[in-house]
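Two complexes, one shared chain (subunit A), two partners (subunit B, subunit C).
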Partner chain A sequence: MASAATVAASGVASKARAQQAEVPAGAKIGIPAGETSSVSFKVNGQDQTLSVDNRTTLLDALREHLHLTGTKKGCDHGQCGACTVMVDGRRINSCLSLAIMHEGDEVVTIEGLGEPGKLHPMQAAFVKHDGYQCGYCTPGQICSSVAVLEEIKAGMPSHVTGDLTAKVAFSLEEIRERMSGNLCRCGAYSNIVDAIADVAGRPA
Partner chain B sequence: MKSFTYERATSVEAATKAAAAHDAARFIAGGTNLLDLMKLEIETPTHLIDVNTLGLDTIEATSEGGLRIGALVRNSDLAADERVRRDYGLLSRALLAGASGQLRNKATTAGNLLQRTRCPYFYDTNQPCNKRQPGSGCSAIDGFSRQLGIVGISSSCIATHPSDMAIAMRVLDAVVETVGSDGAKRSIPIADFHRLPGDTPHIETELKKGEIITAVVLPKPIGGKQIYRKVRDRASYAFALISVGAVIQPDGTGRVAVGGVAHKPWRLDAADEDLPSGAGRVTRRLLLDAQPTEHNAYKVKLVERTLGAVLAEAKG
Partner chain C sequence: MKFDTPATENPIDRMTVVGKPIERIDGQMKTTGRAKYAYEWHDDAMPYAYGYPLGAAIAKGRIRAMDVSAAAQAPGVITIVTSDSMPDLKKAKRNTAKLFGGKDIHHYHQAVAVVVAETFEQARAAAHLIKVDYEEGKGAFDLEASMESARKPEDGEPDSAAGDFASAFDAATVQFDQTYTTPDQSHAMMEPHASIAAWDGDALTVWTSSQMIDWWRSDLATALDMDKEKIHIMSPFIGGGFGAKLFLRSDAVLAALAARAARRPVKVALPRPFLMNNTTHRPATIQRIRIGAGQDGKITAIAHESWSGDLEGGGPETAVQQTRLLYAGANRMTATRLAVLDLPEGNAMRAPGEAPGLMALEVAMDEMAEKLGQDPVAFRILNDTQVDPEKPEKAFSHRDLVGCMKLGAERFGWDKRSTRPGSVRDGDWLVGMGVAAAFRNNMVMASGARIKLDREGILTVETDMTDIGTGSYTIIAQTAAEMLGLPLDRVAVNLGDSRFPVSSGSGGQWGGNSATAGVYAACVKMREAIAQSLGFNAESIDFADGMVISGDRRVPLADAVREAPLIVEDTIEYGDISEEQQQSTFGAHFVEVGVDIATGEVRIRRMLAVCAAGRILNPMTARSQVIGAMTMGVGGALSEELAVDKKRGFFVNHDLAGYEVPVHADIPHQEVIFMDETDPMSSPMKAKGVGELGLCGVAAAINNAVYNATGIRVRNYPVTLDKLIGALPQIS
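Then we have the complex of A and B:
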């Protein structure tokens, strides 16, 4: 089922790419010269060079230009976290960042973390703990979760860290606070926390 | 979003010159507030100057024993810096109380100071707003004003400054360093940096056209118990209804600033002097000229109670 969907989606993507090649970016919708720019960055290990309208967010570049539709558009205003990706190892809201501001950056999306048959441990834990219902916020939740564990490991404090000068320790309270930028309208929060705790090697 | 031209700044000088040369240019760093407002066409710059290429992202010790924080130091890095955690705990606490992990990874020190109000009428382009469209009127004064300002307000605007970080900077007497489009450097005390709304609420800071923030300097550490208490509608990831930032010394003297009540971090010398006398007296001093609306009158009591909790925590 999943693989059939993947095949179908990639068929659409290659057709879209072929169409895009025939028309220079911007020309189709009459964007004035000087209001498009070229940008090169790496996405999931692959070099990409795009010519985009300056207004294109990193999120839209990933979804509409590179057809990496795993990253989701929720609120498009930095309030929901569905668009979370990693840039140079740090999680950000890709909706609140212009694609052209990422020259030379390394972007990792949910597709870059793992894929069917070769899941990232966090993806596997979300499946095991049923950390979703509709699944729309899940790619953002998973990218954020992976970054959260790295932030704790790197000793970055949070709002609920008791002693700012002591070593930051993993706790469920820390997870809940650090994940507050990722909303789940289905309310799968408790299972999401279980999944993250599992990967962190701690019983939920 | 309106279309715009874009350049990557090659130097501070080039950035300020470019900003002065365009009618409607904006510097962009983290972009977390500016892009949000551009999508809503509340901000409509015709030219963006990307300043992320300027460096300005280090935290250095000053010869006076303080810290010089580069304008582009990200909120998450500033909050996690060992020296800040040890000597300026109030600043770490305030930063960590704001936004989300994703936003703090992008948001910068200078951008945080320059973020715009979260007044719902500023965001609603169908409503008059003197800050968004000078002279159009204020919808908030007779509107839904629960989140809005109670002190230092005017008949033109009752918006609040939304920053948590700025409250800590105000308590710590930070100084904002800038470079103007003529190359002149200025050091602006944080107390003077943000303006009250008066009849020009669209002018929010003392920055001139083309002027850029290069750093924020903290004086040498002052010790004491450093506490930031934020009261909001959710436990995390929400703007303050009110917040209290304080540094309290063992003898009960100290400094206090309040957020969520005014167009700038709200701190008064006379209120600082009253700290040993307790929360009631300090709050009366701080909010002496308060003119709350029916919807936000609760903030007066909330400031007193939150400050009471902060002073109790400082003693314990």
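Then we have the complex of A and C:
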């Protein structure tokens, strides 16, 4: 485990081109010097190069730097899933990831899935099944939903998968388990599952 | 428009658009991430700075000194506003806890400073460099320990009585007397409180997340000691509220003060761990219920007493409310007592009063039914009343609790419930069914709207009404479309802006009925204006398919517009009619649970709600309100509890990992049935509220199902497995 952590850490360091900023006054009393780094990644197919504070999360880079505010901040702690985006095809909580860790990555946000008048099938299914109310967890739910169907297709097991050697089968139980990192306080779960089942072509 | 006689036939009764399961008109905005919430407003011409709040680290006491020198020197810091540098801000009546200012600390995480910096990261880092020297005082944090000191509140109607409860209870053949507790709960909506404030001279613009635009505008004016007319509030999308965003909160105040000090726009979001202690919560209760009945099951005496706590000057959780109205019984009393606690402010959370009240009452009814050897559904039906049992001269405007119970029992398969607890097994699961009545009063509020018809025939509705996920945008569009005979795509709806007429806002499940009634009133004026413009007799015209029809004449609506758009405005106001009869909403919740025979883990297997709530304006969004409320009820029954540190005086589990709301895996497919009814006493819409009704009784139905599954009666919520595991039946 220690070696894996080291690899991960050095990977980040080599990816991010850290730039020592001018030492601010605060540094004298031991607070973090406001280091910034440049990071380049693709967001929804577009190349982006940002100069960000090293402490900036991917979530805040999207929201505050790129003004892609479809990705929501519900807790900033990895507890609610509202900030779910896809990075290189896998869903992550963007609040638990620093922007500078994503050099060269491909990020897809809710804005990249579809737009008004040109909805992604999952977005359309959420509208059809009323799989939302206030809408704040919705982008995260939709990004997760799209990724969950891919995960099942790719044979990734979950906590409720019975036979780990067999091909993972779509079931409502699998959907509910895999979606449980995305909280919805309005309580649209029953409709969200209907929407996902609709897109998967299965009866809810 | 004054609503002072029961509604008669009107254009809404056509139900060509109203009453249809129409997809949300804001659905594409929300599902594509284009809907902009408070913190997300961006304008290159408005370069804002970031504010980050600091909360008090003690529950009660005083700030002796604040040292901001390190924070002020930190990178990027523009300014710091500290509480001890100014007097207490003037507090509006709707707030109990003070929001900012002064040296006194009244509760944990009371805001004591806001740091403004160029970036979010800089502001956050600097906020933690502020050193606060506190003088800690002694506080009261334990409701049970404070019961003796609890007093009868001065406001409202804390107590009620009819007949002679004490004698009737003593004389009753079957007596029941139990005490229940419900914990402090948190709204835990997904969007934290957030505001952007921008000053232009002495005028202030605030983008925020508010359920009640005009309340916030008034109360922010009070806090900042300024003219309300100089404040512009916008809140077009709200990421959930459940009562947490009814009243002005610190984010708006901090943003406004910070923006003034920084001389530029500032945005402030309350960090998630701030929410539970800085804002409001549903207060814990202790409730004693006594029921006396004859052997025939008829209630002869019923009493409900409730104790809760709040900060000095606050109010009680009105948990006895429904017991005054739900069941018959000639001899009755209710009492509400309030203790002073130094915990954060207790205030309205979805169905305040009824939600915790029914958590107790509907378990008591289950216990009493068993004591009488009666079926819980039959026992409730037997004790139905069609009049206010405290004031028998006052009838319910419409009440179909019995219909909900009967239909629900039939659809749920209630006849398959075993009357012997702990007797149904399905593999490792003990299976049980439970029922509870749902009850919530129907409140009506004055509500205004402005309507504009332009030359292209587009009708635009403007009202400061909010959509907190309830579907306001959609039902308002449906109402206007129905009234003017337009297809939905010819109607635009703009909400949540203080430049628009003052509406009912969203709270107390009054918003749907009241706000559409306000739009109805404005539409009636628009119909008159159109008739006048076209020279038609307003009495004999019809509006359909985008046309104005008078006899043989059919004219497109847009022809009524000459040069300038037609603009009308009106407000629905209620006369005594809302007081003449008792307006309430009713329902029945049916739940089936499985309880793990070895671990006591409770899983919800099936849920059904049957609701009698007047005309349902949109069965799709109304159903969503109810399933969402049922889901919140699952949390209330099984997991939600703010853990009180009774020594330090704060809610310990103040984030979404520690405060456990239901997740996908907790919720099965949910069924909802709406009774086909109208209530002409409620408004021209003949609708009532459902958003809170859906929550009322859910937790009790679950608790009753757990009892039916296991034979274990839990009277202290939530029903967690530690309360079951020691008493589970022997595994055979």
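The rule we apply is simple: the second predicted complex is superposed on the first by the 170 of 204 C-alpha atoms of A that agree within 3 Å, B and C clash if a C-alpha of one lies under 4 Å from a C-alpha of the other, contacts with A are read in each partner's own complex, and residues count from 1 in each chain.
Just so we're on the same page, contacts are C-beta pairs under 8 Å (C-beta built on N, C-alpha and C of every residue); 3 or more make two chains touch, one makes a residue touch a chain.
This structure is a prediction, so every number in the text was calculated from the model and none was measured.
In the superposed pair of complexes, A:Gln133 makes contact with subunit C only, with no contact to subunit B.
Within the superposed three-chain model, A:Ser180 lies in touch with subunit B and with subunit C [touch as defined at top]. In the superposition on chain A, contact of A:Met101 is made with subunit B only, not with subunit C.
With both structures placed on the common chain, the touch criterion links A:Thr69 to subunit C but leaves subunit B unconnected.
Looking at the shared chain after the overlay, A:Lys42 reaches neither subunit B nor subunit C.
The partner that reaches more residues of subunit A, of the two candidates subunit B and subunit C, is C. Looking at the shared chain after the overlay, A:His77 reaches both subunit B and subunit C.
Comparing which residues of subunit A touch subunit B with which touch subunit C, the overlap comprises 31-32, 34, 53, 55, 76-77, 176-177, 180-182.
Remark: subunit B residues 1, 3-6, 8, 28, 31-32, 35-36, 39, 48, 50, 52, 76, 79-80, 85-86, 89, 92-93, 96-97, 99-103, 105-106, 234-237 touch subunit A in the complex. Residues of subunit A that touch subunit C in their complex: 24-26, 29, 31-34, 53, 55-56, 60, 63-64, 67-77, 79-80, 82, 109-111, 113-117, 119, 123-124, 126-128, 130, 132-139, 142, 172, 175-177, 179-194, 204.
On the side of subunit C, the complex with subunit A involves touching residues 23-24, 26-37, 39-40, 42, 70, 73-76, 119-122, 125-126, 129, 187-192, 237-242, 269, 271-273, 468-471, 620-621, 623-625, 627-632, 655-657, 661-670. Looking at the complex, you find that subunit A touches subunit B at residues 31-32, 34-35, 37, 53-55, 57, 76-78, 81, 84, 90-93, 96-98, 100-101, 103, 144, 147-148, 151, 154-159, 161, 164-165, 176-178, 180-182.
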